[in-house]
Amino acid sequence: MLSILALPRPGEPSSEVKPDELPALLQSAGAVAWVRCLAPTDPDLSWLQGTFGFHPLTIEDCRQRNQRPKFEPYDGYAFIVLFALSWAGDALETTEIHCFLTPHCLITVEDRDSPAVAAVWQRMHQAPDLMQRGADFVLYAVADAVVDTFFELVDSFEESIDDIEERIFAPQAESVQPLIFRRRNLLIAIRRAIGPMRDVFNAILNRHLPLIRDPHLLYFRDLYDHTVLIYELLEAERERLSNALEVHLSHISNTLNQVMKRLTAIATIFMPLTFLSGLFGMNFEHLPFQSLWAMVIALLSMVIIPGAMLLWMWRARWF
Amino acid sequence: MLSILALPRPGEPSSEVKPDELPALLQSAGAVAWVRCLAPTDPDLSWLQGTFGFHPLTIEDCRQRNQRPKFEPYDGYAFIVLFALSWAGDALETTEIHCFLTPHCLITVEDRDSPAVAAVWQRMHQAPDLMQRGADFVLYAVADAVVDTFFELVDSFEESIDDIEERIFAPQAESVQPLIFRRRNLLIAIRRAIGPMRDVFNAILNRHLPLIRDPHLLYFRDLYDHTVLIYELLEAERERLSNALEVHLSHISNTLNQVMKRLTAIATIFMPLTFLSGLFGMNFEHLPFQSLWAMVIALLSMVIIPGAMLLWMWRARWF
Amino acid sequence: MLSILALPRPGEPSSEVKPDELPALLQSAGAVAWVRCLAPTDPDLSWLQGTFGFHPLTIEDCRQRNQRPKFEPYDGYAFIVLFALSWAGDALETTEIHCFLTPHCLITVEDRDSPAVAAVWQRMHQAPDLMQRGADFVLYAVADAVVDTFFELVDSFEESIDDIEERIFAPQAESVQPLIFRRRNLLIAIRRAIGPMRDVFNAILNRHLPLIRDPHLLYFRDLYDHTVLIYELLEAERERLSNALEVHLSHISNTLNQVMKRLTAIATIFMPLTFLSGLFGMNFEHLPFQSLWAMVIALLSMVIIPGAMLLWMWRARWF
Amino acid sequence: MLSILALPRPGEPSSEVKPDELPALLQSAGAVAWVRCLAPTDPDLSWLQGTFGFHPLTIEDCRQRNQRPKFEPYDGYAFIVLFALSWAGDALETTEIHCFLTPHCLITVEDRDSPAVAAVWQRMHQAPDLMQRGADFVLYAVADAVVDTFFELVDSFEESIDDIEERIFAPQAESVQPLIFRRRNLLIAIRRAIGPMRDVFNAILNRHLPLIRDPHLLYFRDLYDHTVLIYELLEAERERLSNALEVHLSHISNTLNQVMKRLTAIATIFMPLTFLSGLFGMNFEHLPFQSLWAMVIALLSMVIIPGAMLLWMWRARWF
Amino acid sequence: MLSILALPRPGEPSSEVKPDELPALLQSAGAVAWVRCLAPTDPDLSWLQGTFGFHPLTIEDCRQRNQRPKFEPYDGYAFIVLFALSWAGDALETTEIHCFLTPHCLITVEDRDSPAVAAVWQRMHQAPDLMQRGADFVLYAVADAVVDTFFELVDSFEESIDDIEERIFAPQAESVQPLIFRRRNLLIAIRRAIGPMRDVFNAILNRHLPLIRDPHLLYFRDLYDHTVLIYELLEAERERLSNALEVHLSHISNTLNQVMKRLTAIATIFMPLTFLSGLFGMNFEHLPFQSLWAMVIALLSMVIIPGAMLLWMWRARWF
């Protein structure tokens, strides 16, 4: 589905136009247009290739998806793939946003309606002064909205890690492991998206393409800073999770150690007692069962032996 | 075994030719040929060296195999080694594809029939317009088919890791370890192939050899992107597996902890009981065996002591 | 809240001036001013933007905070973000110090009163010869005070790690784990601040901006050295903590091993004894309960069997 | 001990000459010589320094040994240290081969007779056409033989790791640990040799010394490729060993878990039974020992209780 | 304390001079001096700053110590910080050696008498031909002695690790952990010193300062090689220690596993036996205590049951 927002001339209001009106409109100096292509069909992609002459490889990328964020300069245009992430329940949903930047026109191809881009689309309808700054500034606005989706992710991430950290040393800590497991897998997925995004903005900064005018480079430097910050935040979260898991493993071992010491203490105290009582439970007639003294000695030894052992364990800091 | 597919002149159909016809054919401007050498014999390699004058070191490489993916420019030609991977049962099978690229001819030397290259060979028979684009484009077609074999591997890999992840927290998780072990070894093997492949395409992009014409460089940039993507996917899989193993180890420790707590609880409850019953099983005649009160106290203590201990354990959150 | 310290002319004393006096004052050659803006309000930021013409993105950064340490050259000025860390109880408190360096004026924007910067502010009041060296030297003085806060942190860190290390091999080592856990998280946080700080000073050294005069570059090189030293100290502390945790885990396992060996030894000795006493506690009438020899043999075996086992265990180095 | 193999003029046979004949011989254009110095004595080294004017530092290196593989260009000659490894029983033996390359002469100083170099020395006697290609080609032949010693090591290494991997999941896996331990230490030692060797060949490729003629650079590129391949193979082996050790540790924990579950099950079943039998072994006269019903109930409970527990354990998937 | 060794003119003997004689002496061409300042006092440092005009930051560094090894070129001189390490009992002692290199004079500032530097100081008194080679050669001699202290450390280190490795698989291995712990911490400390030292010599090699004459650069390249070698040795030791700790942890787990299997076997054999003996120790009158057959069956089952279990365990490779 193709929607086109066009600003025919600086100072005029922007409005949606039909695809066949676009070529004429782009002739006039100062015209800026944004072609938004949602869930592209084959005719949509053919129209793009026919109208703008994009390289078959880039059109193929739009069709196949499953790219990685990248920046590729071509003759007369640039091809940029951005990833917007969002929560779908407890899983991550990745929306690939394929952008073509030409001198007067930005084309975005999304496989699914991304709320982040939709919000920019609305804002552009209401603020023609933004669009007037050029197609590269529209690209910046889209990319800024996409990068902001990562900040939201990282925030919710930090909260869930805070939650995990509070539960590590709890007595019933077993439910922490699936949580750590899932968080780490999510981190791997987010990092795989933000790392190449950072490279995209770095490439934009260093290539000095005429497509992106110098005063707007500062805005892309700002985006680059944001992606670096997100990457560093994710690295820090990753280290916190590893820290949590390692210390947790050591904590479990420690608890196990305590439990075993207790079991050993119990066995150490009761096994001799049980043996003693069994000894005097034997039916040999020659055992001194009639003697009061023997009984007193037997019973006393059942008090003194465990008492001595408890004292010794306490001294040996067994507990 | 040598097979040669030649396109004598642009616009004409391609056809298989005999080795001795090749030199004459390559004289004509616009001619393109692909020499495919399967399971090369010594005469085959001598013919190659005699006809094209390749450096003895490269011919030696074709003979010995066990190279790594590499790109080596020589005077007038380039030597490229690619690795195609495929499953042979549960193990990986590596097929080395040694390519010589001359201005008008691509020579591929395979130690074993690779299905990926065979499919390109079929396609070239039917589509002379592809071959017409030059020997460098034929190289691209071969390399593209080889890189695609990695995507299939990675896909089947992801599925098997999904399967492992579902079983980590299962009660009978012991069968997970050999699976993780084998997957990690496979990952090491695949990474050893794709890492140098990425370097090969990067070298092709940066050397600006006249052998590869500028419009075709974009296609190799696409291949480079694919290898980078595969490498990143493998890295992510590797981290997922490490994550799974580490959390699994911590989960086992936790389970062990639970089991030991249970054992300790059982011993703590029954050891005093057994001792008490043994105490009154002693045969001393002075023990108050006739007294009903003594018996009631003994039996009551056998109810109260474990009851109190259970209460205490429950309060101490032992279970 | 805006405070302005100005030195109208070299050799004169410095004094606080009102915001509306600043533009005129900065006209005179040799004037140096430091605008300190604490907990900036919107009017403060508007005044900054109006008076100095700073880029909207940098003003936006001052409003939003949550940046990372960075250095950004703009036309005619540089924007520098520094992080000062301090302890707030047991947690770290980060104060972001946003600095604008113009040829004759330093503007610092702090969200909260940083003791480090406040001390420099006091010093500048009393030592006009420092301020006379230029706005870049004032920036150095501020940055030096900020970097010194890290040295204090690292010192207190080293002490707490020394303390942890002493307790690793103690019998009651369980309290070490939460300590290691918290220290490692703090390290992650400090490293996230000092790493980009180092990059900031490195960028200042390598950009050769006219804003920072050559003789003062040596001072920034000194700061760069300090940040490198802090980073290396933190790395060393991180490795010490990892070392402590890994060895601690191995130590716990070892202790557990000892405990289990002891339990096994006890069970090995008393289980056969208890069985023997139970055997002769059976009530079968055909058992030789009247025989003195049988009793002596039974009792002797209860001495010899555990004695032999103890000897064997001692030989097998079980203890 | 000095041996000198000299080729006085291209086309003539090579022959061994005396040290004092060498200077005159090297005057003639096209002469090539290889001075092999085994277990160098002080007079040998003095003669080298006097005849060729080598820098005292390099002579000192030959005397002291314990260098690392390195490449150092000097005025008029290059100093190259290579490491040849071989098995001496179960340990690695390192032979340092110090090479001086001058325009017409290669000097190799070995502390002990290396079989790899000795084989090249034999080959050079029989094939004067090899020596005729120059001193740099003789260096290549030596280096090639040295690099081949690593391939043999890696091959035997792979076999021993295959062997280890097969034993990880065996029930009696305890003997695997010393094997893994020794393999990893060997890997560290081999990597310490091959890493700098790779740098040596890389330096030779990039320095473009006139000592090594351009057509021979391809041969050194081949050696560089070999060292890279060996390094990658070693990395892969290292990862396989780490994989084996980590999974093995997790497997041991798992086995321990199973053993403990079994022990807990046994204790859970027999402890109540033993208590029950002890209960009715008490000698209280008021216990219903005459009642047949009491006995039947007691005996039945000794069947039903463990039966119920087994059922419950089986349902809880305890086994 | 200042001591000055001066060589007024090449060929003359060197002698100690007073501080106030130094300026005049340094006027003459070819003069070389070494100012050694031990445990510097404030007047010493002021004299240095006054006489040579060193930058206040470098004087401040000499006063504060706690630097890291570094190389800083200034106008007309270079400032170099080296670290000499030595054993003080079981701990490391770091001596910072701050060096100023001017064209004709080397100034070394040590906080404590370093034996390494003291030995060079003695040698310079006796060998004026060494000093005659210039102040940069004196710096080399000092640095060489300092670097040699690391070789001694590494040697003693290797021995202690050999010792640890021998004890890993010993039955009483618990004492290994504190040793590994301390060695690893020492390694961290040594690496923190040698890493920046390596960078110092690398910087000297690459800066091409006129202060260090070209023929002497080779000597500094040799020092650089030594620091690289030490760094690699330390890396290898670190990996060996990690290897030892990891395998040791796995070995402990394995031993624990064996111990638990033994305990389980003992419990499995004796618990049913104890139960059986208890069963026939019950006092029910209806039990067949008079029957010889019952007794024989009971006693036989006490032989057959454990016999069968032992057989089964042996078959299941439990031992």
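Read from first to last, the chains carry the letters A, B, C, D and E; within each, the first residue is number 1.
Going forward, a residue touches a chain if its C-beta (ideal position, glycine included) is under 8 Å from a C-beta of that chain, and two chains touch if they have at least 3 such contacts.
Here the structure is a predicted model, which is why all the values come from computation and not from measurement.
Residue numbering shows that chain A and chain B use the same positions for less than half of their mutual interface. The angle of the rotation carrying chain B onto chain C, fitted on C-alpha atoms and rounded to the nearest 5, is 145°. Separating the centre of chain A from that of chain E, both taken as means of CA atoms, is a distance of 39 Å. Centre-to-centre separation of chain A and chain C, using mean CA positions: 24 Å.
Shared interface positions of chain D, defined as residues touching 2 or more other chains, are 249, 253, 256, 260, 263, 267, 271, 274, 278, 281-283, 287.
If the chains shown are joined wherever they touch, the resulting network closes on itself as one ring, and no chain has more or fewer than two partners. Going from chain A to chain B and on round the loop of contacts, you meet the chains as A, B, D, E, C. On the chain E side of its complex with chain C, the touching residues are 55, 57, 67-68, 70, 72, 74, 171-174, 177-178, 180-181, 184-185, 188-189, 192, 195-196, 245, 248-249, 252-253, 255-256, 259-260, 262-263, 266-267, 270-271, 273-274, 277-278, 280-283, 287, 289-290, 292, 294-295, 298, 302.
Put simply, chain C touches chain E in their complex at residues 165, 168-169, 218-219, 221-222, 225, 228-229, 232, 236, 239-240, 243-244, 246-247, 249-251, 253-254, 256-258, 260-261, 263-264, 267-268, 271-272, 274-275, 278-279, 281-287, 317.
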